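Order as written gives the chain letters A, B, C and D; numbering starts at 1 within each chain.
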Amino acid sequence: MKLMYFAWVREKIGFAEETVPKPDEVTDVESLVDWLKDRGDNYFAAFNLPGVVRVAVNHEHAHLDHPLVDTDEVAIFPPITGG
Amino acid sequence: MKLMYFAWVREKIGFAEETVPKPDEVTDVESLVDWLKDRGDNYFAAFNLPGVVRVAVNHEHAHLDHPLVDTDEVAIFPPITGG
Amino acid sequence: MIRVQQEDFDAGVEIARITHGNHAVGGVCSFIGLVRDIAGGEKIDSMELEHYPGMTEKELTRIEAEAKDRWPLEDTLIIHRYGPLAPGDQIVLVVAASAHRKAAFEACEFLIDFLKTKAPFWKKEGTGDGAQWVEAKDEDDRAAEKWEKAEN
Amino acid sequence: MIRVQQEDFDAGVEIARITHGNHAVGGVCSFIGLVRDIAGGEKIDSMELEHYPGMTEKELTRIEAEAKDRWPLEDTLIIHRYGPLAPGDQIVLVVAASAHRKAAFEACEFLIDFLKTKAPFWKKEGTGDGAQWVEAKDEDDRAAEKWEKAEN
């Protein structure tokens, strides 16, 4: 999976993107965020507050139950503030 | 009174403005329009259809019961179509 | 500000002037009305726009003051042309600038809705068959009434 | 048309391009969003606008298509900037052109309301004390929801 981070999610994690093989336990967006949270203090700081971050899968807004496969591009970011 | 005519009211009457001494029988907008209607075929053609024309007195939209004095500027015109 | 003029206007220049140096403006809504080449299924070649000098300025000033009364606006602008026009020509520009977009949108729509029923302008459309005065639209009255109701 | 760019835009040129040669357009509604110098009572010195290249274009294209689906529009335009900005700078331009003004107003407001909750942009405001990411506003969600309801 290609993982992309934006805004304060990116700042807390410390980098903008990474590519990781999808672990078996990661089947959807929710389990991805749970898995990421345990990868280190920087990830924990980004994903600590439940329900705050938003996710897009392959450039489309996605819900927590959106299934994931290894070839997906998953972006994680705070609520949008454009316009 | 200074009388001003616009759009098809002006075209039917044949000129854009005139000044007439206020007749005694003209006390408000309604009686002015009634009086004008009898002044000739051109006026009749303009004011024949009741409730069609609109009136402004001294640059303000006015109702049929708006009182008139000899020094008033009274404009008579069709419903507005600007913008 | 209001302007009634025969000559064309540059909407970009006018909008930029409204916001220039005023960093309290977060949103600017503008509306441009143009002469269409079709009306009621008929091809329009030209348009003549008549107005009532003196009353026009007074009505536009009143409408602008009412908008500023009802919404927190940084600035507003109404430019309305008169005289001979052709399809594609600009007729009217309305601009409302505010800290927030909702006020800018509402005030801009209010200004054009009210202008259409209150400002003394009359359109005459030229077609192949001659020229006809445009009839007022019920829907314009209803659009203006919407704001009257909102007042209560 | 949609454009995502770092450079500034000339709203007047863009609006004129929309109507040029299309005499079916009777009304053009446009909205410009600008950087304010005050936010939440604090003085803003600068703004950094981050976005998600690829997804941004996709979302804006989708929003524009939805507007064209819902209103009889002659043309639409969305320009959104990213990168470093300062108070008074233009952020976004939304334009909707239609035969009639009601469709132009509604579509323009729909475009900016939807863009604010769907297009992946994030604002960071620079103040004397450093820089803070702007928090999303509930009122923006409600503004977008209004159009969801209108669909039913």
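The rule is short, and it goes like this: a residue touches a chain if its C-beta (ideal position, glycine included) is under 8 Å from a C-beta of that chain, and two chains touch if they have at least 3 such contacts.
Remember, it's a predicted structure, so these values are computed and weren't measured experimentally.
Colleague: Determine the groups of chains connected by touching when chain C is not counted.
Modeller: When chain C drops out of the picture, the chain contacts leave these groups behind: A, D | B.
Colleague: With chain centres set to the mean of the C-alpha atoms, which chain is at the far end from chain D?
Modeller: B
Colleague: Hey, how far is the Cα centre of chain C from the one of chain D, in Å?
Modeller: About 23 Å separates the centre of chain C from that of chain D.
Colleague: Averaged over CA atoms, how far is the centre of chain B from the centre of chain C? Could you give it in whole Å?
Modeller: 26
Colleague: Give, as an integer number of Å, the spacing between the C-alpha centres of chain B and chain A.
Modeller: Distance between chain centres, rounded to whole Å: 73 Å.
Colleague: Between chain B and chain D, what's the gap in Å when you average each chain's C-alpha atoms?
Modeller: So the centroids are 48 Å from each other.
Colleague: At least two other chains touched by the same residue of chain C: list those residues.
Modeller: 33, 112
Colleague: Per the touch rule above, enumerate the chain pairs that touch, sorted by label.
Modeller: All touching pairs, sorted by chain label, are A-D, B-C, C-D.
Colleague: Over in the complex, which chain D residues touch chain C? Could you list them?
Modeller: Those in contact with chain C are residues 10-13, 15-16, 19, 21-38, 87-88, 99, 101-102, 104-105, 108-109, 112, 143.
Colleague: Please give the residue numbers of chain A that touch chain D in the complex, ascending.
Modeller: Counting only chain A, the residues touching chain D are 4, 6-8, 56, 59-61, 75, 77-83.
Colleague: Contact residues on chain C for chain B in the complex?
Modeller: Within the complex, chain C contacts chain B at residues 33, 49-52, 54-55, 58-59, 80, 91-92, 112, 115-124, 133-137, 140.
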